[in-house]
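As structure tokens, here come the structures.
Next come two complexes, and both contain subunit A; in the first it sits with subunit B, in the second with subunit C.
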Partner chain A sequence: MTLLDFARGPGMQWSLIILIVGILWRVVGTLLLSAEKDYSQARQGGTGPGIRAVFRRFWPHPEFVKPTLFHMVGGYTLHIGLFVVIFLFAPHILWFADLLGLPVWANLPNNIIMLAGALTAASLVAFVLRRMTHPVMRRISGFDDYASNIVTLLPVVTGMLAFAHTPIARYETLLALHLLSVELLFVWIPLSKLAHALFFIPSRYQLGAAFGRRGVKV
Partner chain B sequence: MTVEAERIDMFFEGIKKLPEMAQPVEMSDAERLHQVKTTFLAKLTRNMAVDLESCVHCGQCAEACHYYNATQDPKYTPIRKVELLKRVYQRELSPTRFLRRLWTRDITCDEIHEWIELVYDSCTECGRCFMVCPMGINIPAMVNVNRQAFANAGLIPVELRAMEQEQYAGNTLFGIGPEQTEAALRQIGEQMGVEVPINKEKADVLLLTSVVEVMVFTDQIASAIKVLNHLKLNWTLHMDGFEAANFGMLSGFEPLQKRAGDRVVKTAKKIGAKTILVPECGHAFPSLRWDQANVDEQSFPFEVLTMAELMARELRNGNLRVKPGVKGKSVTFHDPCKIGRHSGVFEEPRAMIKALGAEFREAESSQAVNWCCGGGAGVFLLNSAADLRQGAWQIKQAQIDATGADEVVLSCASCRLNFERGARNNHWDKPIDSLLSMVAENLDE
Partner chain C sequence: MTSKKRQDMTIGEALRANGVSRRGFLKFCAATASLMALPPGAATAIAAALEKAKRPSVIWLSFQECTGCTESLTRSHSPSIEGLIFDAISLDYHHTLQAAAGHGAEAAREEAMKEHHGKYILVVDGSIPMKDDGVYSTIAGMTNLAMLKEAAAGAAAIVAVGTCAAYGGLPAADPNPTGAVAVSEIIKDKPIINVSGCPPIPVVITGVLAQFLTFGLPELDDLGRPKAFYGQNIHDRCYRRPFYERGQFAETFDDEGAKKGWCLYKLGCKGPITYNACATTKWNEGTSFPIQSGHGCIGCSEPDFWDMGGFYKALSQGKLGSAEGLAAAAGIGAAIGIGSALLGSSGQKAAKAEIKAKLDKDMEATK
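== the complex of A and B ==
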């Protein structure tokens, strides 16, 4: 079995199993923890404010736009870039369609995908550098923070190298490295802070709901 | 020097002596560590777990924190203040704990001692950090769990411990208990020429007071009496449950939080009160309005209101009549964090100020994103927090000055004390007034 065979076969299968089981384990395990019942008299229901908070927090309160500009620009570049690269690149669409039994959907031209990939990689590098140099981020950062950045960066970089048929290695080797880095990401997501991709929804909701019932828009 | 200024000085002198009053809590370091961990594990709810799971360590919360802004010291980054709780969660409770233990250090006793400053001196649980957090993480709720854990480990700072021990043991604060409060109320009544309805067997409204009002801001008590009499309400101040201040909540010592809150709740039930009226006291309002029902695990048959809410409601109903006695003056309002951002009382104080004819000047960064004055959650008592408090005050003073208002109005006695202290330190001559007093002075009798 070649490296590419492994990456395409058992590597992919096991990493997907770990991703799905791990996410379910972590989300269900967290949600099964005891919840607080609120006996206080609410000013209003919390559901509406909770849902609104999920969407409102996609943009900072006007008070905080300026001090959080780096994170806003970097964050949106990173997340939009990842979305474009993962879901709108033709080979990825074929992979998803095959995996999930879905019809293929429209893709973006490759040069746009490459641009999105470059911007994504640049934003990830910028976040790592900021984490290493900004006093606040440096102080609160740990292994998970750096590892998550690097594990997210690897598939982007290896994917771009493979797409460009970079002559540093055979195409098959580059493709295998790309697939293995994706598999590493799949395994890392349920173990790390990358699970914020799921937890941000209940987190925002519960703050919006708790303070909404007190009559505070958060 | 005015009588009020003398009282303020005496109160600040009293604070300096608090460390002498605190009884030490003997406990080995191993036991303290055990207490902190077991409290964390007992108090970690689903909501907190979700919050901890969603944090990406972006550090944006620092930008919202008055103590970080004042010092630029990254150790005051709000999310870092709950780092010990997070590590215990990740190692002991998280669904992936068996793996996360590999790269998550256990907490140590040295760290617990280091964190006392972070969860007491440098956090007023003001909540400005959750306004900036892109994930909506409720950091103050977790800081409060830290305080509860530290209280169980006998690590409450001496000033708060002295107050907690006194209130728990004897229902007094600074030596002020039911007898002293009743005497003070009768004296205030005599000066006003009215009889204060103390200890009525039945009343619709149970008015509370606080030790800071009795010792320093007696104008707030007199004003409450005046307003309630103006409204012709059936009200009382009852010596079975009169104290709004809850040093159990502030220190994290839960048995006192329950005991102090229950004194008020039982009294309200006994006299058949439909309303508990909380004086101008920041932490007392959320303590009774939101927390006590959860401490007691029951809903209450009465409402809990701030004075500002009652006055604005009665103004709308036409029962409260005021004169435009502040016309020609520009006034700004400082939202107490626990009454504003934590409890949604924003419009009522503004409606009252405008009804008095003042030109209202809204400060930048006000209401839900208002800057804390730096003295909330018991920090105004901590001698060790003097520099941090003063740093935060600089931000507050600049914010008020930028409005160009002639006067600043408050509705929290702790904030008022902190404003007075900051004003003295900086020789700031801006008039500082209580909202309630301002209204009482302008009643249209």
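== the complex of A and C ==
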């Protein structure tokens, strides 16, 4: 069995199994935790503010725009770039369609994908460098933060190297490394801060709903 | 025919005896040099070496195979100069091509092995079954394994023609019922040149022999193939590559994309992981190659190409098999989640009870 065969077969299968077990464990486990009962009288329903909070928090309060500009620009570049690369690159679309039994959707030209990949990689590198150099960021960053950045960066970089048929290794080796780095990401997602992808919507909703009940403007 | 005995002729003499002109011979040498990406001056060196080279004895053993490799070589190029190069070697044993049969055929093989011991080229097509002492393929009562070992002992070099001989090929496909293996898994003490493909390109087979006769053992890649012919990736040389870059793909074999000649990646083309000369030398005397004819590359020159997850499944699609494992994972994950939530709840209750007891105790103490 070659490295590519392993990455396409058992490696992919086991990493997906770990991803699914991990996601369901964390999501089901968190959602079923019993919340403290709120005995105060609600000033308004929580549903509306909860939903509003989910969307409102895509952009910071005006007071915080300037201090968080680096994170806002970098964060949006990273997330939009990842979305484009993951969901609009033809080989990735085929992977999702095959896994989920979905019809194939339209893809973007590869030069746009490469541009998105480069911006994504650049923003991830910038985040790592900022963590290492900013006095406050350095103090509040732990292993999980650095590891999550790097584990996200690896599939982007290896994917671009493979796509470009970079002559540092044979294409199938680069493709295998790309798949293995994706598999590492799958395993890492439920165990790390990358699980924010699962929790950011319910946690925003929960906080917005709690604030709403107490009459706080969301 | 000249008065000289055929087996004593040089290749040049044999070609002239077959009516091949000097011009035709030099054209072949130039084409071979070009195939090997050698400078134009190398054509003269090839011509000089081939001119003088004694017709080497070649013993061709066919094991677990479909004869496609021989068909490819003999049918598509005959009676071209490449075919005549084969005529010019002393092909002393070949099941399909030799006139002799039965004991006569085996006697010819044994005689050639004895007469040219240490000097003959052993060509093998087909894999070798190892299971149950190799009983699944025998020739004249002799297992392929025994015949290969016997013939390899006196060979100067071995050329494993076709993916079956080079890597096990179709007979070794999962679940490999006969325990089929490649030549290189059995013979460890002789130089082996893998000329993979299902079948290999005819001009590549003759080119490898010409290269061997001219320059000795060629430079090989990590899969034992001559770099001159297998150094290039099909995807890199594919004329449809610009459509891949633009993201224009044929979705079915008869849609607009297919008619416009767009990239066949989505239809399972394995060009990006396949190394062969198809996109450059092409087939049928340079007429076309599979991708040009509208079908994706199946990666036939690569090990285990039969088990790559399906010819019509795109390379980016995994080899996940059944979805049962993933469904079971979902069930296990949910069960662990429920369990951890229950544990969390009972922990919360216990903590609350503990706090309440402590508070009650403090209250009692203050009274």
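Please note the rule applied: the second predicted complex is superposed on the first by the 218 of 218 C-alpha atoms of A that agree within 3 Å, B and C clash if a C-alpha of one lies under 4 Å from a C-alpha of the other, contacts with A are read in each partner's own complex, and residues count from 1 in each chain.
We take it that contacts are C-beta pairs under 8 Å (C-beta built on N, C-alpha and C of every residue); 3 or more make two chains touch, one makes a residue touch a chain.
All figures in this text were calculated on a predicted structure; none of them were measured in a lab.
Q: Contacts for A:His71 in the overlay, against subunit B (first) and subunit C (second): which applies, first, second, both or neither?
A: The answer is first: A:His71 touches subunit B but not subunit C.
Q: May I ask you to decide whether A:Ala195 touches subunit B, subunit C, both, or neither, giving the answer as first, second, both or neither?
A: First partner only.
Q: In the overlay, work out which of subunit B or subunit C sits against more residues of subunit A.
A: The partner with more contacted residues on subunit A is B.
Q: Check the residue A:Gly29 against both partner chains and state whether it touches subunit B (first), subunit C (second), both, or neither.
A: A:Gly29 contacts both subunit B and subunit C.
Q: Answer with first, second, both or neither: which of subunit B and subunit C does A:Arg204 touch in the superposed model?
A: first
Q: With the two complexes superposed on chain A, say which partner A:His134 touches: subunit B (first), subunit C (second), both, or neither.
A: Touch status of A:His134: first partner only.
Q: Return first, second, both or neither, reflecting whether A:Val218 touches subunit B, subunit C, both chains, or no partner chain.
A: So A:Val218 only meets subunit B here.
Q: Output check: A:Arg52 vs subunit B and subunit C. Expected answer is one of first, second, both, neither. What do you get?
A: A:Arg52 contacts neither subunit B nor subunit C.
Q: Overlap of the subunit B and subunit C footprints on subunit A, residue-wise?
A: Residues 22, 25-26, 28-34, which sit in both footprints.
Q: Which residues of subunit A touch subunit B in the complex?
A: Spelled out, the residues of subunit A in touch with subunit B are 22, 25-26, 28-41, 43, 53, 57, 60-61, 63-64, 67-68, 71, 75, 134-145, 190-191, 193, 195-196, 199-200, 202-208, 210-211, 214-218.
Q: Looking at the complex, which residues from subunit A come into contact with subunit C?
A: 1-2, 4-5, 8-9, 12-13, 16-18, 20-34, 90-92, 94-95, 98-99, 104, 107-111, 113, 165, 171-172, 175
Q: Report the residues of subunit C in contact with subunit A in the complex, numbered from low to high.
A: Per the touch definition, subunit C meets subunit A at residues 233, 235-236, 244-247, 249, 251, 265-266, 272-273, 303-304, 307-309, 313-321, 325-326, 328-330, 332-334, 336-342, 344-345, 348.
Q: Looking at the complex, which residues from subunit B come into contact with subunit A?
A: Result: residues 44-47, 49-51, 53-60, 62-64, 68, 72, 74-75, 77, 79-80, 83, 93-96, 99-100, 103, 130-138, 289-291, 293-294, 296-300, 303, 340-345, 365, 368-369 of subunit B touch subunit A.
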